[in-house]
Amino acid sequence: MKDIGNDADFRQALQALDPMQQREVAAIFVQHVLPLSGDKRLDRVIRTVADNDASEFELSGALKSAKAATFDSHARCGAEGHWSEQAGYFVARAAVAASTPPAQTRVGGAAWQAAMSARMAHTSMLIDDVSSEQTAHTECEWQYRSLSDYLNAQAEGK
Amino acid sequence: MTEIELLNWARGPGLQIATIIFVAGVVIRIIEILMLGRKPNLAEAKGSEMSAGLKTMVSRTVPDRATFKRSSFTITAGYFFHLGLFITFFMFAPHILLIRDVIGFGWPALPTPVVDAFAVITIISLLAVLVNRLTNKVMRYLTNFGDLLTWFLTLAPLVTGYIAFHRIGFTAPTLLAMHILSVELLLIVFPFTKLMHAFTLFLARWYNGAISGYRGVAS
Amino acid sequence: MTKDKIMQDEGKIRQGTLGEALNRQGVSRRSFMKYFASTASMLALPPAMLPVIARALEQARRPSVIWLSFQECTGCTESFTRAHTSTLENLIFDAISLDYHHTLQAAAGHAAEAARVAAMEENYGEYLLVVDGSIPAGNPGYSTIAGISNLDMLKEAAKGAAAIIAVGTCSTYGGIPQADPNPTGAVSVGEIIKDKPIVNVPGCPPIPVVMTGVLAHFLTFGTLPELDHLGRPKTFYGKSIHDRCYRRPFYDKGLFAETFDDEGAKKGWCLFKLGCKGPTTYNACATVKWNDGTSFPIEAGHPCIGCSEPDFWDGGGFYRALSMPTENITKTAVYTAAGAAAAGVALGAMNRAKKSASNKIHIKVTIDDLEK
Amino acid sequence: MSASLDKGINALKQQVDASVAAFFSSCVHCGICAEACLFYTETGDPERTPINKTEPLRRIWKSEYTLMGRLGKLLGLSKKVDDKLLADWETLVYDSCTMCGRCSMVCPVGNDITLMIRKTREGMAAAGHAPEGLIGASKRSVTIGSPMGVKLPALLAQVRHVEEDSGLKVPLDVVGAEYMLLLSSMEIMNFPEFIEAIARIFDKANASWTISTEAFEATNSGIQIGVSDIAAELVQRIVDAAEKLKVKTVISPECGHAYMAIRWDGPNLVGKKFGFKVRHVLEVLDDLRQQGRLTTTGMEKGKLTYHDPCQISRRGGVIDEPRRLIDMVSDNFVEMPDHGKMNWCCGAGGGVSANERADEIRLKVFQRKKDQFDAIRPDAIVSACSNCRIHLEDGLEEYNMDIPLLSLTEMIAEHLGDDDRAGAA
């Protein structure tokens, strides 16, 4: 399978995955930006999401935790915003996307949403950093690579 | 002073004094309000100021359903006593004679027993209004001396009018004089209390309607 | 009743009881009782009292009565002489000794005044003083009799009176002479005499039987009838015209005559709108009526003018309804509004000046000005 | 550091006009406004009755602009406005009022109580009695350009992200564009997908648009804290940018007070009519819909309802537009009781969300919204104000309700016809 090098391919590839695979890939994306959040709940969320054997009950608990993490970390209107903290918010949103059941997932699917939020987390981290110009693309490139690896691994597994 | 002299005083000099204070007060207050002026609105309009203002002047008389539910007692009692006041004052034949004498024209009266019944309803609803004012915690919090004074002075002409019509207690000239004097008292305090809302509510409603209407909202 | 008869009887019947006098005149005890039945009913006395009254009256001594007429129109006397019970005036005039009444007496000039003085001396402390007409207190010269001002004559006559009966609205409340602007400074009897019992019998004129009724009461019991707060006999003045008016149901229903010749007037509807003062007038017209119970003004289609109430002449006009102001309120309101508009504009200008001064001293609020 | 009581009193004097005088003259203390205010209905505290919040302004009106008040003042009888009063009233005027305007809709004599509270804030702020949170937001707005401290690089980073995500160009500083989009800091920080939604909708509608790098911030702390001078300065920045870029229409984003600030207060704050139009994004979308330039495919699953942001609906006049837009993508739209111009506020507008002191009461009064949602139990709530959205999410979480919040603009963008993602919801 050829390597993924742009968003169109990336999205197509993600949407081709079944729900379980979506969850796995989403977990990979979130895992990568997890250090940007200080919220310990998200570790558990991602562990659950990545777990093939997680029960529906466990998953809904994970979603709940992830949502709580979102509400606790968003910037409040009019309050001074800190982009480094805002990165945590987007990590939480990525976790929400990853743990949302397929029936409720909005456009693009769970993995795509998680990927977008993870990128925003990465972007947020870099906003206060003057050298951000050079590193802005690193997250999506990493995601392309990770997806390619995952797909290759899947192909080999069969 | 005999009771007839008192009555004649009430019908003559007393009424003159009350009229002067009432008219002067009301005119001054309305001019005071209007002359404060309002800056023209420079934002691009989404609706008409004038027609919305005029509409709200009328439409505010009827509360929306949910508001009525939340304040049903206040609103119902308010309706009854305002309607009752209106009917007892404007629809009683002797009053219409007075009005015709002052402004030059009148209108047909309601049958006296109907007005009489409304007087009772009005008195009862005013009592209910007071109970409400003293028990509803918001109203109790807002209530000041002026509220109690105007309540009393609004009730007084109704009660004196009722007992004067039914000739209870005192001789007729005394009763009639008391009735007229109670109205004069009402006229005198009118411009300096919240009773002014009888006039200014039309301004207030117009402004409210105009402000909303300009933005395309029917208020 | 003629003047001659009164004067003729003058000397003869000054002494003796009423019963004797009546007998002399051929009045049977039966007709006497009949008269008293009607009077008693007007006085609201229980029927059981009748024999008592009759006996009392028969044995009563005829009191001396001095009748003073001041600023008056003689309407009261005219009314008095038209008491409708046919024998009533006779009875009354026979029952009293009318020693002075300058309209009715035959004597004139010094003789008349001498009769008055004589009666006052002879019956000092016992005579009844009847007064009609008001007294010019402002300038006593406006009305004098035989060179004596009304004021002096009243004071002098009051001194020896057992009681005073003020007959007619002028003597009870000042009446028409006192009407605005009251050029003579007219006052009522009650405003001058404070130390004698006064019965007020107001009306312009009073109903004749009311006058005779009061006399009858005095004759019967030797006392004055029960009076209300205005000194009027409660029996006759206890209810207002309105309370007893046969047109009252129309008032209660709100059916009014709007003019003197509209449908309402023809149907006999309430005359309130035409200025009827019945609601505030206390008198017996609606029950006793006039001219032998024939009618009374409202029955004749005319609103009550309230003649038996104080200041009835100054009530804003006979044809202005009670609920109308007595003065021109419209003019007052218009002038006031014009003046107030000017004052309001001045106050408004002050407000505007104050506001623009506030705008002028306003210093732009920057983010550095948000804390103290 | 120069706020003073005198300045506050002077500011209040400046605020009294004919409407205010008519309003105060008409109040009969009926208390009906209390029942329209969620800060009263959910706390039962009569001090929070809307008309009571205007007491400082009322005292100034009475003692300065009425005959009897002037006489009373001469005799020393009038009630004074002093620092104690203003200090006591601070939590009523700022923490217990979102200026949602509901009281103004129910007052039987027609008092625009909200307007009076807005005016009262002018005096409070000038006297140094504004809450810390709003002072901070105002300072950041003026010095940084955003109440939340969002600087241009942050916007550029988000724009770049959006461009990558959507493959579309986000035009910056394009002279002569038809639309100039403003953004709220909330959108830049919390909901950058809004920018993407706009990019995609306008691309589809073939509309020319741009974002000014000099004035992209839509919010205006000045009108929240109640300092017209500051509000005017912030509005002027937008006016300057719009004139520089010669745009036809400035678009106010999904933010309530921003719309009030630029659309209705803006020209009056800077003292002149705008040479361009100002529209709320929903008005623009509805226009595009009407012109046939905005078409959608697919329908939303589940029952939707719309939370009217106060400043956009009741105080702003954008009421029918969102409903027409929702109808495009939903056949299961249900109104809450008390919707549209009578909707209940989320509880966080008017600067309340920027005022940390008000956090507790803000969540307490959310009970009102909960009751409203409970009445119809929607599957999702659509709104058009980022602040409402964030606070509704907060409140739903607090009250253990799990209902997703959607941005109307973003929802429409998800249903753009030829997109491969359409109908995925």
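Points to keep in mind about this one:
Chains here go by letter, A, B, C and D, matching the order in which they are written, and residues are numbered from 1 within each.
Throughout what follows, a residue touches a chain if its C-beta (ideal position, glycine included) is under 8 Å from a C-beta of that chain, and two chains touch if they have at least 3 such contacts.
All values reported here derive from a predicted model rather than from experimental measurement.
Compare each chain's C-alpha centroid with the centroid of every protein C-alpha atom shown, and the nearest one belongs to B. Contact analysis places B-D first among chain pairs (by count of C-beta pairs in contact). Computed centre separation for the pair subunit A/subunit C is 106 angstrom, with centres defined by C-alpha atoms.
With each centre defined as the average position of its C-alpha atoms, the distance from subunit A to subunit D rounds to 32 Å. Per-chain CA centroids place subunit A at a distance of 67 Å from subunit B. Put simply, the C-alpha centre of subunit C and that of subunit D have 77 angstrom between them. None of the residues of subunit A touches two or more other chains.
Within subunit C, contacts with two or more other chains are made by residues 347, 351, 355.
Among all residues of subunit D, those that touch two or more other chains are 16, 65, 67. Looking at which chains touch one another, you get A-D, B-C, B-D, C-D.
Contact residues of subunit D toward subunit B in the complex are 16-23, 25-32, 34-36, 40-41, 44, 46-47, 49, 51-52, 65-68, 104-112, 115, 263-268, 271-274, 277-278, 313-317, 319, 337-338, 341-342. On the side of subunit D, the complex with subunit C involves touching residues 1-4, 7, 10-11, 13-14, 16, 64-65, 67, 125-126, 128, 130, 135, 138-139, 142-143, 225, 227-230. Interface residues of subunit C facing subunit B in the complex, by the touch rule stated above, are 173, 230, 240, 242-243, 251-254, 256, 272-273, 279-280, 282, 306, 309-312, 314-316, 320-327, 329-330, 332-333, 336-337, 339-341, 343-345, 347-349, 351-352, 355.
Taken in their complex, subunit C has these residues touching subunit D: 347, 351, 354-355, 358-359, 361-372. Considering their complex, residues 133-134, 136-137, 140, 147-150, 153-154, 157-158, 160-161, 164-165, 167, 184-186, 189-190, 192-193, 219, 221, 224, 348, 351, 353-356, 386-387, 390-391, 393-394, 397, 402, 404, 414, 421-422, 424-425 of subunit D touch subunit A.
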